[in-house]
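Some structures to go through are shown next.
There are two complexes below, and they share subunit A, which is joined by subunit B in the first and by subunit C in the second.
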Partner chain A sequence: MDEEYDAIVLGTGLKECILSGMLSVSGKKVLHIDRNKYYGGESASITPLEELFSKFGSTLPDEVTFGRGRDWNVDLIPKFLMANGSLVKLLIHTGVTRYLEFKSVEGSYVFKGGKISKVPVDQKEALASDLMGLFEKRRFRNFLVYIQEFSEADPKTWKDINPQSATTAQLYDKFGLDPNTKDFTGHALALYRDDEYINDLAIHTIRRIKLYSDSLARYGKSPYLYPMYGLGELPQSFARLSAIYGGTYMLDKPVDEIVIENGKVVGVRSGTEIARCKQVYCDPSYVQDRVKKLNQVIRCICLMDHPIPNTKDALSCQIIIPQKQVNRKSDIYVSLVSYTHQVSAKGWFIAMVSTTVETDNPELEIKPGLDLLGSYKKKFVTVSDYYEPTDLGTESQIFISTSYDATTHFETVCTDVVNLFKRGTGEDFDFSKIKLEEEAS
Partner chain B sequence: MAQIWLKDRVDSAFITQTVCLDDVTIRFEIWDTAGQERYHTLAPMYYRNAQAAIIVYDITNQDTFGRAKSWVKELQRMAPPNIVIALAGNKADLPTSRRCVEYSEGEAYAEENGLLFMETSAKTAMNVNEIFVEIAKKLPKKEVNNGQGGRRLVETAEAPKTSNCCK
Partner chain C sequence: MASIKVPEQKVILCGEYGVGKSSLFRRYAYDTFISSSSRKSTLGLDNFNKEYKVDDRSIQMQLWDTGGMERVASITSSYYKFAEAAILVFSLDNAASFHVLSQHLLEIVTYAENAKIFLCGNKSDLEGTTPQVTEADMENFCEQCHNLISSTYKTSCKTGEGVEEMFADIGRQLILSNRSRLELQTMGAGGIGTDSFKLGGRGSEEGEVAEPPCLC
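So, the complex of A and B:
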């Protein structure tokens, strides 16, 4: 450990592992440390099941048999990949996709008036949907056609609205959408978490709906993908990329001090050893004095022996409960994965209900989500603080990622990673530095 | 065959090697551990669906034999139950005066733990092909269909339209 590195990365969460990979590929000498004995930090998948129970301070009960403990890989945060989103592009361009296999998420649902309906995404589904009345269906159909034909480069497709200056509210009004349609469009298609986007530029909403529909077009069924063996495979894969390009890995290594000289980081101390470095990249848990808490996210993991009712027995799905439906400011998300993804024992399902905390009784806030699940055999609840760095790291050369937010996908994860890389190196990441092997014969 | 051991391993995440056994062709997809074994930080990803593992130690270095044993334990704990594990005592080309781990020592340990065992030389290619053949003999003859039906992601040149699964 007593060596000099260009960069030391602390924590093996997904963001840190992508960064570590990017830095190693760019020719930097990287040391990557985690205080835990497993990869993934906050974005780990916990295995075996006994480990999950002990993480939450309990032990496997005798009366319920959860199958073989080793068959379980339980995510700590619920997220899916948008099939046409930034993380998929990053996986493909870095070649990391070779280490992974995915399955499409089977269904995408939205909660309205006490029940769940499939999210309509094309003209045909819009006309068949039970979410809208007859006239509203036509208006929504026209809106979808507009989005489909819209091209940023071709003002002719903008019709008589300028999306660079008009608000989303004005865009909706142009098509005469009713409040209910606006609600599921903004929350279940554009995937906004609250209603502030209404006064944001229309172009942002259009881009997000396009991401949804382009993702859906890739593999059908839903716009989401999920990796076999759980999300924890993602940080491991990027760690492998970093190692192949020379990165050194140490797990189960306490980090006792980040050594600063003249306001700038010069190393990391573990016990009596000091590894020297020019830069540190880390998650907020390693630098509590350099981050500020913005809010909290509640996540509830439920182990069940059946699919979610009213989802056509889908082995995986997402349900969005738009905030207005349950008198909240932020949406509640429900996600389901199962044994088909090798994350649970045969016949078992893992549901996760999450939202941004708004009151001092967060467990009560997620009740509308839990009510959709039917019965569950075990429930684990976490309330995590959401942190942001207090500065950009330019002076200290300590570059800190934000915590994982309540969004259901990885778009904000990628934005944060790309920003951190640019702040740290002053450059955009150059994908051409990755030498992809030829396909094996 | 020796080139798979001697080849510059940097940038090679996978190496593939084909072994013919009677009328069956077996393609090994060999994963480079990329130094992640150094501080015992090999990710669980490496064990997934692995059908065989070769643990290599240096017969001129007793420490490496000790570490090889701890890797055997790790694999027996973490890897799929039917994995074929081979133990290879490498650098067998070096003069006997430099040897620290006796052949009988490696062999006895392998026998106790149900491992294949050979002494090899990456330098002269001694027993390198043979160890793959021995592993091949112990693998299930049928193509293993793990039945998971996951797909690999590939880049599409054209705009995404329909399924582009390549698996």
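So, the complex of A and C:
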């Protein structure tokens, strides 16, 4: 450990592992440390099942048999990959995709008027859908055609609205969409968590709807992908990328001090050893005094022996409960994965209900989500603080990622990583640096 | 569609740092040997495909190197996933590297429970007249682990002796045992699980969109 590094990365969560990979690939000498003895931090998939129970301070009960414990790989933070999203692009460009296999999520649902309806994926489903009336369907169709033909580079396709100055509300009104359709569009397609976007620029909403439909076009069933063996495979794969480009890994290593001289980081101390470095990249848990708490996210893991009712027995799906439907400010998300992804024993399902906390009784807040699940055999609830760094790290050279938010996908994760990389190196990440030894020599 | 079913058979190298895993990988891939253990030696490359044939049947053996992660930390569990075979490597001139193999074996049966397992004593050129690990030791080990080990080999990456023979034999056994990935997956934890796919390769993500999206 007593060596000098360009960068020391603390924590092996997904963001830190992607950063570590990017830094190693860019030729930096990287030391990557985790205080835990496993990879992934909060992004790990917990295995075996006994470990999950003990993490939540309980033990496997005798009365329910959950199958073989080591067949379980349970995520702590539920997310799916958008098939055409930034994480998929990053996986492909870095070649990390070779370590992973995926399955397409079977369906996306939205909660309306007390029940769930499938988000239509083709014209047939759209015509049959009870999400909106016939006339509204026509207006909505016009709106979608506009989005599909819209090109940022070609003002002719903007028609008579300037998406760079108009708000989303103005865009909706131009197409005469009713409040229900606006709600559906903003929350089930553009995947906004609350209604603040309404006054944000139309272009942002258009981009998000395009991401949804381009992702959907990839595999047809839904815009989402999920990796075999759980999300914990993602940080591990990027850690591997870092390692094959020279990064050094240390697990189970306590981090006792981030050593500062003249306001700037010079090393990391573990016990009596000090590894010297020019920069530190880390998650908020390693620098409690340099982050501020913004809000909280509640996540509830439910182990079930059946699929979610009214989803055509889907082995994986997502349900969005738009905030207005349940008189909230932020949406509630339900996600389901199962034995088909090798994350649970045969016949078992893992549902997750999550949202941004708004009251002092968060468990009550997720009830509308839990009610959709039918029965469950075991429930684990976490309420985690959402942190942001107090400064950009320019002076201290300590670059801190934000906590994982309540969004259902990885878009904000990638944005944060790309920003951190840019802040730390002053450069945009250059994908052409990723060359195999063969090509390089 | 952007999905491709990969017909390769994944074979992983396991064992302590310094026993010669990267050297075996290097012999397998380019038939070369580098005497210094320069960390740069496997920079950016960690798997290599090669075809093996028996009569009219063939497989693409895809050999994986650890990427040196075992130097200080443990190897990620994802390294083991989807492996059809694992080669447990130790160094014939280093008894300690042999005695920790049960540790590595445990990881293999935990994370790649259906993989065929092979034992390889490397650096046979350094064996000398008083071997650190005898053939009897190797046999005992195989017995102790309930005959989980399919075959044992001795190799020298330095001279090349036994290396190609080992890979050819492993390739032959994989072909003969004829276990397809599909079967392996059905044997595995989840049971059904045959429609998973890898994402398109680098650069190939453009122009794959089959038809225009239609939500409407």
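The rule is short, and it goes like this: the second predicted complex is superposed on the first by the 430 of 441 C-alpha atoms of A that agree within 3 Å, B and C clash if a C-alpha of one lies under 4 Å from a C-alpha of the other, contacts with A are read in each partner's own complex, and residues count from 1 in each chain.
Please note the rule applied: a residue touches a chain if its C-beta (ideal position, glycine included) is under 8 Å from a C-beta of that chain, and two chains touch if they have at least 3 such contacts.
In this text, all values refer to a predicted model and were calculated from it rather than measured experimentally.
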{"item": "Three-chain arrangement built on subunit A, subunit B and subunit C clash or fit", "value": "clash"}
{"item": "Touching partner for A:339 - first (subunit B), second (subunit C), both, neither", "value": "second"}
{"item": "Superposition-derived comparison: subunit B or subunit C, residues of subunit A touched", "value": "C"}
{"item": "Contacts of A:92 with subunit B and subunit C, given as first, second, both or neither", "value": "both"}
{"item": "First (subunit B), second (subunit C), both or neither touched by A:141", "value": "second"}
{"item": "Which superposed partner A:156 touches (first subunit B, second subunit C, both, neither)", "value": "neither"}
{"item": "Touching both subunit C and subunit B, counted on subunit A across the two superposed complexes", "value": "39, 47, 88, 91-92, 95, 97-103, 214, 217-219, 225, 228-229, 233, 236-237, 239-240, 243-246, 248-251, 340, 342, 435, 437, 440"}
{"item": "In the complex with subunit A, residue positions of subunit B that touch it", "value": "10-14, 16, 29, 32, 34-36, 38-41, 43-45, 48, 148-156, 160-165, 167"}
{"item": "Subunit C-facing residues of subunit A, complex", "value": "37, 39, 47, 68, 70-71, 88-89, 91-93, 95, 97-103, 119-123, 126, 140-141, 144-145, 148, 189, 212-214, 216-219, 225, 228-229, 233, 236-237, 239-240, 243-246, 248-251, 339-342, 344-346, 434-438, 440"}
{"item": "Touch list for subunit C against partner subunit A, complex", "value": "1-3, 39-40, 42-47, 67-69, 71-74, 76-79, 81-82, 110, 188-193, 195-202, 204-205, 208-216"}
{"item": "Of subunit A, residues touching subunit B in the complex", "value": "39, 47, 83-84, 88, 91-92, 95, 97-103, 214, 217-220, 225, 227-229, 233, 236-237, 239-240, 243-246, 248-251, 253, 340, 342, 435, 437, 440-441"}
